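In what follows, structures are represented as structure tokens.
You will see chain A twice below: alongside chain B first, and alongside chain C after that.
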Partner chain A sequence: MEITEIIKDNYTMLNVSGRLDSTTATDFEKALLNLLDLQKENVVCFKELKYISSSGLRVLLVAAKKLSTTGKKLTISAMQDHIKEVFDISGFTELFNILPENPYE
Partner chain B sequence: MKNISIENKISSLNIIASYVEQFGEENNLSFNIVFELNLILDELITNTINYGYIDNEIHMIDIFMDIENNNIVIKIIDDAKEFNPLSKDEVSTDKELEQRQIGGLGIHIVKQKTDDIYYERSGDRNILKLVKSLTPKEK
Partner chain C sequence: MLNILKNELTLESSTDHLSEVRNFVEVNGIKVGLNKQTIAHISLAVDEACTNIIKHAYSNDLTKKIKIKIKTSENKFTVIITDSGKHFDPNKVPEPNIEKIQKMKKGGGLGMFLMKKLMDEVHYNPKANGNELILIKNYN
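The block that comes next holds the complex of A and B.
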């Protein structure tokens, strides 16, 4: 897994590529929670993400729970179909603002 | 039949990923099926590694995969403490954010992505057999 952070004046974005599983979830969690402290608008771009397990979903749920009390926003963008399917069967699609394309590209 | 023995450490997941990849190539499986097989094994083995052992010894987990009558049959044998994934309560995936539980999703995903699961405790071993049909389902 590789993570690129983009920090702009009005939003932050994490580009996550490769495999998000229990071997990499801790790194993702650190990067995401760190980023959420900074901005109101936050985007996680999964365009290059090839694989996600429940360990990755868990991190997103932790982040969403943190954000729900702060009024900050977390958008997940550009998921490939097989990744989106994992969100769907886990009931995660309703929990996040999900966009088919990256809003800042 | 293709089998592999892995150690009970999280880095073994990378070995599982290449093993599944190879099995997929040898059997001409689609990208989606390979992804789902990887996910099934990942969720189960991660659970076993994280919660199954009370000592710090190295334990081996055996994984077998085969195709029989257009079904993929997976068998996982370990000497972890007794754990029957079928006995776990269903996690609720339609609750509001505040009530969502962190954890338990892995087994839910496994159940969604397989057609049949059989569990047996034999001596000090968990024997889990999973069947995934290759016949396309009507949605």
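The block that comes next holds the complex of A and C.
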């Protein structure tokens, strides 16, 4: 898994590529939680993400809980179909603001 | 260290080996002509089962071993996962619904929930010194 952070004046973005499983979820969690402190608008781009397990989903849940008391926003964007399917099966599609494309690309 | 036979894989109890586990499922799935989506479902279910063993049955003890065996028949792809850890029945993990997931602090039970959604059958057999988990996917 590789993570690229983009920090702008009005938003932050995390581009995540590769495989997000129980080996890599800790690094993703650190990167995401650090970034959430910076801006009101936060985007996770999964365009290059090839695989996600419940360990990756759990990180998003932790982030959503952290944001719920702050009024900040987390958007998940550009998921490939097989990643979106995991979101659908797990019920996560209903929990997050999901966009088919990256709004800042 | 991995020990791969044709349809059997023994691995050390570490999440570092999960990509090899998924690869092992993929190779066997391709061999019997499963489509990409079905292979992805089985790979994820086996990943979740192994992650659960590593974290819960073995409490991250790297010296322990997990054995994965794949059996295929005309329309069933069966994965048998055995470990020598603490007894853990995935069927006793309560299924989270959306409301529960929202309330959960860490999303506990999510892996088991996904595993059961992705497979057609999940059977658990407690053994004298460990666990046996049987995951079955039907295909045409």
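Here, the second predicted complex is superposed on the first by the 105 of 105 C-alpha atoms of A that agree within 3 Å, B and C clash if a C-alpha of one lies under 4 Å from a C-alpha of the other, contacts with A are read in each partner's own complex, and residues count from 1 in each chain.
Here, a contact is a pair of C-beta atoms (placed from the backbone, for glycine too) under 8 Å apart; a residue touches a chain by one contact, two chains touch by 3 or more.
Keep in mind the model is a prediction, meaning the values are calculated, not measured.
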Aligned on chain A, chain B and chain C: do they clash or fit? clash
Identify the partner contact of A:9: answer first if only chain B is touched, second if only chain C is, both if each is, neither if none is. neither
When the two structures are overlaid on chain A, which partner does A:62 contact: first (chain B), second (chain C), both, or neither? both
Chain B and chain C contact sites that coincide on chain A, given as residue numbers: 19, 21-23, 51, 53-55, 57-58, 61-62, 65, 82, 86, 89-92, 94-95
Contacting residues of chain A [partner chain C, same complex]: 19, 21-23, 51, 53-55, 57-58, 61-62, 65, 82, 85-86, 89-92, 94-95
Flag every residue of chain A that touches chain B in the complex, lowest number first. 19, 21-23, 51, 53-55, 57-58, 61-62, 64-65, 68, 82, 86, 89-92, 94-95
Under the definition above, what is the set of chain C residues touching chain A in their complex? 15-16, 18-19, 22, 36-37, 40, 44, 47-48, 51, 54-55, 97-98, 101-102, 104-107, 110-111, 113-114, 117-118
For chain B, which residues count as touching chain A in their complex? 10-11, 13-14, 17, 31-32, 35, 38-39, 42-43, 46, 50, 92-95, 97-98, 100, 102-103, 105-106, 108-109, 112-113
